[in-house]
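Quick heads-up: structures coming right below.
There are two complexes below, and they share chain A, which is joined by chain B in the first and by chain C in the second.
Take a look at the complex of A and B:
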């Protein structure tokens, strides 16, 4: 094929076209330089060693009472009544919750287990505490936990979802976007992913935990319950389990903790699995100091010697609570 | 083009009733679009509720149970029709009267392709007419079907690779929903799900969808084994599209929107027609109608595949079976990674039943179930295995078996799975056995306390126990460590120990398939770990 004849355009571009094109090209050139300069990153970093920062929780304690006990032990045969008796001894839920409060209840729903196996907070305990919160004027009750097993299964099979539906409680799943980094000066905990969404709205926080044997730290009670607020690589916690649990007393100052010892998981904890692992103790301990409550529970419910529970000693030594609960104001009642 | 013709056309009773409703354009094609939309949305609904949070009693695998090819092919491999698969008759019998109406009235995957072809396909009329002529390429789906049925006769079920409902379910479970959740966090999952080899499943989905631009309904016309099955079945249908050659002006307008590429402008290829009715709507002279037993000379009843090709496809299928089994992956050379869901049949029977629909993967509450690539051999591609890095088997859960449409995973109860109550004597269903890697385990190798594995072990008594030892550390200080052990008779192979082990990249305790209860060839302890199983002949008791 012969080459096509090429004829140059004699006129070229007009002045107007020349200016338009020159401005356009110049503009894109300057824009590219400006954008690149704005995005130019010249920092020096060592990945993994960047400065970390995180949030801190506000305190949720109410003012101490001069007359009312700070720790109550209630005995009874019916769970709801016994919890009510324990709270009544402390001065009633009205002492802790004001009208219009948003109340966060933190149950222990770590495992995908039915209530009878006592590996999770009992649904009737949640029902009783939530009802009392509403009676005291709570505007909303939020329930949240980050279980070890899959969240949907845990909430469903523990029976807590049914209670939440029934009483119109706000159940929060540990979704990815619900976590933010928390910061503290703990023995070992410094910065860690924290299930913060429930705390963005909560005015008061109640820890509601079962009383369980634990394979490594001997007991899982109200202090260990806060484990379920953390995310990330929790499976490293066991390497310093007693330091971690004592750090929880630094991380959060709850309004109230309730240790449900109606049925206690005595063996094969913290998962249990057989009814023979469970023993009825028919006791509920409630109080404002989680170290005192756990200390009391370890002796009274699990029947073990407080001298051996290292995390209580650590928390006590750091002034985060009083493990000599008998020196505080306490009272024992029958439901 | 069609507006004026609507009222002059001779109408059946049904159409007369439809037209009497004022203000509604109830052409048959519009009714069809409503049907397509309904079934597509129903499919999406069932996919989304296949989740522990929403499942309640919904028939999660309804579409797969209605799929007559699943019923037929599993009947070939197992000689029986499993539970809900009997519903396949609901689709098969109408096909014997009406033809392949499923493809354009019900099939959600067909609707996906119809929709993408309509949105992104060519708009030029003449190009569309040319694109919708019958192609010889369409015989491929019959070759695929015959080869797969031949493999099924030897006990290797492969229809699920391309069955549109299995394929669509698999794509939704492993790619579409996790992908959407990546873009919009916390929509479909509480925690992000991941799936091994999702790129391949997703890539194929994209390829099939994009191909609609090149050949409309490419998957449906060329590859779909269910379409081939229904096409062969529609040979018997009593109704079909009929062209009146006296009225026809040979304008080929009937091809403009033809979905099946079935040549309504000449002798109708019955096996290819999707009964979409577009040709009737597009005909400017009303030469086309849907008729009861029209003239046999105006149709090509059988699928467009010569007998020699049928023979070739059968041979390819038989050879394919032999080649696929040659690695021994389903037999002596089984992989330690092929840990099947609880209630799974033993491997050869599993391969007779699993259609790789991955409904089990969708419903699994922990993300432990993963589609295989080559772990289970060529035949096992996309069948479910457990990957403890991503999850673990929840003790009180048998959802995978309950959504399995074919019984590859049987519908066992929690009591049967955990071996309690009436099932105490037979014991729990085991998926494998956990083994320690003491060179990596913190208390064993690194003077560091741990035993997370023992904490999370769900059996009672725990299969993992520990012994306390006091050692002198390198710096001279004493330390008391709990060092963990596995008691194999208690271990059910759920893998939560491996999942929760802090050595995240390669856990210090790992489950392998040995000891699984579904197969005696893969058992570990002869007495099941229970010495009381040994009959004491001296004292004549157990």
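Take a look at the complex of A and C:
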């Protein structure tokens, strides 16, 4: 059988035919892209293609004082009086709250534990701070936190609900509709569901934290307290706990933070469970720089070496606060 | 000149510029798309897209009755649907058990993936001891408005790991319990291990009116929990006499800096006016025990001074001086034990000899060393005779 040679079409492809085919191919390609774009649902696409739209929190700080301290350490035996002494040293609540302000107080209500175990913000601390806010002219005091487990149970057993009822504070529980995506250029926190509703009407924000030992990050104080505003599967951040805590100093600029060290959870934190874990230190630290307050608290309340607390160093290195609190304007008083 | 091949005839040599441009454009477009995919992939948002398949367990398990929080379950100790008649399984339901308790809600269940929802940042400590499940429930106390107890039963994978987390969190000076050998009363609660369950009962108040019903519930629960001491055999090697209460500890790994010393129990003893640390490890076999012994002997031979080698009651005994402290170790069958880092050699020597000869006398521990009564280990749970 003889081999038949292939003979190409002597005519080849004309310029017109080529342009027609190229246009047809291009049209089909562009049409496919257009169709895909029209049908594209962001929620069901591969990771990384989500829209980067989110909010940034406004700053809630007041102007710095040239004369008044930025950090106050107060010692006393009665919680309310000691908190008043600390805030009085800073110039009083009137320095921070103006008449008609809506004040948001962010306690730490992470667990459904009785107040005596010091795993949560003490109800008498909330009472004192809320009363001082009203005395300074606050129109409304809002209290909000996002305990993962049973917010109602946490507010009830921590005793904060009773104080809220007593003083007519507005308790905001986390609901799905209360979260908005926050967007920021944190070390790890960039795009995340955030319990934003309490901030929508707030003029001033006060962080009110217990001082606790923490299993993962050594200490839970005013910076860690903001963790409670995150939604989603936030335990994912536990592997980068120091990074995320330092990010909170970027995420929010509160008006004031108060670290309640009257009774400190010294061990088995953050849950505790035994009164033997708790030590009375009879001290309250308040200030406008949460990094400075936590640095002071870590040494003065927990008696630990600040050199070992990584998130303070991270925040300090990023210029988000001053962990060398003794270089700031500070004052120590007795209640 | 030969005939061109079929393939070479198909290659066009004269390609119009416009066609080249279109081809180049398509190539550039593909490169741009690839670059975009690469860049966007780097902006990964775990919150939005990460799917942990295990997180579906609660959904899947709901159908089977294993939901994170069981709803509609039976109250007051009735068995839950689908189970055989009889006592409820305590890993499924925490019943009322005592008359003065009234359930405040249903039994909550948490698995290793959801434990953080209940105890947040404390969860990793439990996961290190192979936590399996938490059942939790709150009970109000009849006749005491506003007072309640919170009951947490942490189910670990073994009694050994239950003891591990128990000893990690233990309050050293707290008084022991009469109803659980590994247990103590705290000012506001009861903490104990039974089988592979580590139980915390936390009261709303330290007042006796609350703590007494809490104790009743704790005692009743301890009686109901399945008993199991597997893996805790080495614990039985620690004598009760002279043991300073609250000092019994489980060392999961790397005890005293020795990689071979895993699953070790230690306790402090009061002997001849001195506090001594005594440990015991029960190996799986005599060969394994010998490996541990060889590692320890080698260490003290290299970094210390071996003072003597003896045999006491069938045990090989080695005494070494290490930086001015005395360590005496012994091996008998599959058990390696010893007194470690004693300040004085003579009491350490006398104590170990007495232990090996089963001749440790009753020892009165002065109040300055401890105030609570020592926990009895003459307990059925541990099989002492």
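Assume the second predicted complex is superposed on the first by the 287 of 335 C-alpha atoms of A that agree within 3 Å, B and C clash if a C-alpha of one lies under 4 Å from a C-alpha of the other, contacts with A are read in each partner's own complex, and residues count from 1 in each chain.
The rule is simple: a residue touches a chain if its C-beta (ideal position, glycine included) is under 8 Å from a C-beta of that chain, and two chains touch if they have at least 3 such contacts.
The structure presented is a predicted model; accordingly, all values stated were derived computationally and were not measured.
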item	value
Partner with the higher number of touched chain A residues, chain C or chain B	C
Partner chain(s) touched by A:149 [first = chain B, second = chain C, both, neither]	both
Touched partner set for A:232, first chain B, second chain C, both or neither	second
First (chain B), second (chain C), both or neither touched by A:214	both
Which superposed partner A:177 touches (first chain B, second chain C, both, neither)	first
Chain B versus chain C as contact partner of A:54, first or second or both or neither	neither
Which of chain B and chain C A:299 touches, first, second, both or neither	neither
Partner chain(s) touched by A:88 [first = chain B, second = chain C, both, neither]	neither
First, second, both or neither for A:192, with chain B first and chain C second	second
Doubly contacted chain A residues - partners chain C and chain B	111-114, 148-149, 153, 157, 214-216, 233, 235-236, 238, 241, 268, 270-271, 273-274, 277
Chain A-facing residues of chain B, complex	51-53, 185-186, 190-192, 365-366, 391, 394-397, 442, 448-452, 454-462, 466, 482, 496, 500-502, 504
Chain B-facing residues of chain A, complex	111-114, 148-153, 156-157, 173-177, 214-216, 233, 235-236, 238-241, 268, 270-274, 277
For the chain A and chain C complex, residues of the former touching the latter	5-6, 8, 12, 15, 18-19, 22, 26, 46-50, 52, 110-114, 116-117, 148-149, 153, 157, 190-193, 214-217, 220, 232-233, 235-236, 238, 241, 268-271, 273-277
Partner chain A, residues of chain C touching it in the complex	3, 6, 9-10, 12, 16, 18-19, 22, 40-50, 52, 55, 116-125, 138, 148, 150, 169, 171, 173-174, 186-189, 191, 200, 202-206
